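Residue numbering begins at 1 within each chain, and the chains themselves are lettered A, B and C in the order written.
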Amino acid sequence: MTDPGLIREVEAIVFAADAPVTVAEITRHVTAAGDVAAALADLAESYAPRGIVLVERGGRWLFQTAPDLGHVLRRTRTAPRKLSRAAVETLAIVAYHEPATRAEIEDIRGVTVSPGTLDVLMAAGWVHPAGRRESPGRPLQFATTPGFLADFGLADRRDLPGIADLRASGLLDRAPPSGASAGDFAGGGLHSER
Amino acid sequence: MADDFDAPVRAPPDTLTLALGAWEGPLDVLLGLARAQKVDLKAISILALVDQYLAFIADARDLRLELAADYLVMAAWLAYLKSCLLLPPDPQADPDPHDLALRLQFQLQRLDAMREAGARLLARDRAGHDTFRRVAPEGLRLVASRTFECHLYDVLSAYGGIVRRRERPEYSIVRRDVLALDEALERLARLVGGARDWTDLSAYLPSAPDEAYRRSALASTFLAALELTRQGRTDLAQADAFAPLLVRAVIPLPPHTVILANAGGNGD
Amino acid sequence: MTDPGLIREVEAIVFAADAPVTVAEITRHVTAAGDVAAALADLAESYAPRGIVLVERGGRWLFQTAPDLGHVLRRTRTAPRKLSRAAVETLAIVAYHEPATRAEIEDIRGVTVSPGTLDVLMAAGWVHPAGRRESPGRPLQFATTPGFLADFGLADRRDLPGIADLRASGLLDRAPPSGASAGDFAGGGLHSER
């Protein structure tokens, strides 16, 4: 069992932090000696049945209300803006393929990505530019953020629904498993260029 | 374009609306048609799908709907694919039409998978929808405290530096604080002048408040008296040990001519 | 004992509220039946020993970090800074000449002492005001602290190496007490002016 003094400090730190915090960030603040990760595990366990729960999202810890109480709390808050179908698809494509270039998003969706779509995802703090692809034209790549994991209740990217199956079935590859001349096909038909 | 993510992502399978604004491009239409076949996407008939798409485009034209160019490009390409698939197999064909059909099937499956993934993401316990956080957390603060690094050596060397800095002006001042021999020679010769009467040498000493200066003047004036006497320009007399030292001029001379000559040879 | 379902709802509502909430506001949102005030009392009791506590302020309830953990949330990190040359010199002068007035320090350094310099030395805990000089203007005097001796490994101010030699050479002689103004101090000590 972890030192109760350390547990109290960790509890207060995660509670007061203005964003989900890593173990390293917590460690920088605690004054009591001990294993911060163990203290977090103990805390998460003690909070599990409560109305507030302690969760880990992408290596960062946060308190949030228990998911089954959403119906109680939704009434206290104004609903967030709904996402367009294009935004949801684009977010899914980035999350499951990251890092993904705009051309890859367009190739999968079969339409150009309207300028607003990626902006909305970036403004929400879910998607961010993640360097350039070392390929002709050095296109910008996009990836999801730790905030995406936290906001969608994902412990990490392996938690993405069905990602293991999709990977196994080859649907996250850039070309069908048969190895058909994918480029010719995309250029000739499905990929619309404007 | 649907702005409501809670609405079904796919169009109802049987009734394909011709309102083109509801579709996000030709691939979206193809996927809608494929889902309408009510079979696994892996088992769809590409030929049937092509026919359905071409019929969809024909209907749209009949209704004089304006079709975006990419819908027509897709229609043309699918018509070409269909003709290739219906021809007897040609091993020379490049690309192989069957590979193209596979590729189309892959694209439909992939888009479908991403739609499904998006829907499953939205179904998770989302922040602001199912889970809620604190509205205005205080935040954590790391404050850098003001500790200063300084060692005894720094203090001592700083003080040494100050002392050395102060020493430089002091040396020049101390030099002015003594009556140098050449100065004393010039001064004594001028003061004694042509005085033929015996006069106590101490009467010629400068009056100064500074003890150190007075002692310096006593020494240099005494030496000056000895030097002037050696040159034969003054006489010196003393009645007894520690008695007053008396001095008088031998020959009155213009002081500066003599002093210049002697100052060079007897500087110390 | 209050219904645990109600307690969880109350807990989540107070946690996620954008401001401290009254019992009436909570009651309006809960879906479980029961006494909200009793649920709050139960909650407050169960949180009392934790790093987060539930408190009532003017009839409104809120979660906050335990009052004794403020130092954890506002953690001070020691980031050693080098003292400026002016500060080191001033410290040396105070150490060798204490008690010293600002005018004396300036006279010895040959430059004015900026107000920040003495502040830095006082913040470091090495110099402190040591009464006023009984001379015209009654200037404040400064002296070193016991902390200065401790931090610099000195048992006594007499341990300052070299001070005896410097005094023997006449460089550290103080002016006679009669002429206690700053100028006279300097005139009698480190330099002489005619």
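What to note about this one:
Throughout what follows, a contact is a pair of C-beta atoms (placed from the backbone, for glycine too) under 8 Å apart; a residue touches a chain by one contact, two chains touch by 3 or more.
Nothing here was measured: the structure is a model prediction, and the numbers come from that model.
At the far end from chain B, in terms of centres built from Cα atoms, lies A. Distance from each chain's C-alpha mean to the overall C-alpha mean is smallest for B. Of the two chain pairs considered here, A-B and B-C, the higher C-beta contact count falls to A-B. Taking the mean of the C-alpha atoms as each chain's centre, chain A and chain C sit 43 Å apart.
The geometric centre of chain A is 34 Å away from that of chain B, both derived from CA atoms. Averaging C-alpha coordinates per chain places the centre of chain B 28 Å away from that of chain C. The set of chain B residues touching two or more other chains comprises 132-134, 138, 140, 142. Of all residues in chain A, those touching 2 or more other chains are 13, 15-16, 28-29, 63, 65-66, 73, 77, listed in ascending order.
Listed in rising order, the residues of chain B touching chain C in the complex are 132-136, 138, 140-152, 154-156, 158-163, 165-167, 169-170, 173, 176-177. Within the complex, the chain C residues that touch chain A are 4, 7-13, 15-17, 29-31, 49-52, 63, 65-66, 69, 71-73, 75. Against chain A, in their complex, chain B makes its touches with residues 1-6, 9, 24-28, 69-70, 73-74, 77-78, 81, 94-96, 99-100, 102-107, 109-111, 113-134, 137-140, 142.
Taken in their complex, chain C has these residues touching chain B: 12, 15-19, 63, 65, 73-83, 85, 87-89, 91-93, 95-96, 108-110, 120, 123-124, 152-154, 160-162, 166, 171, 190-194.
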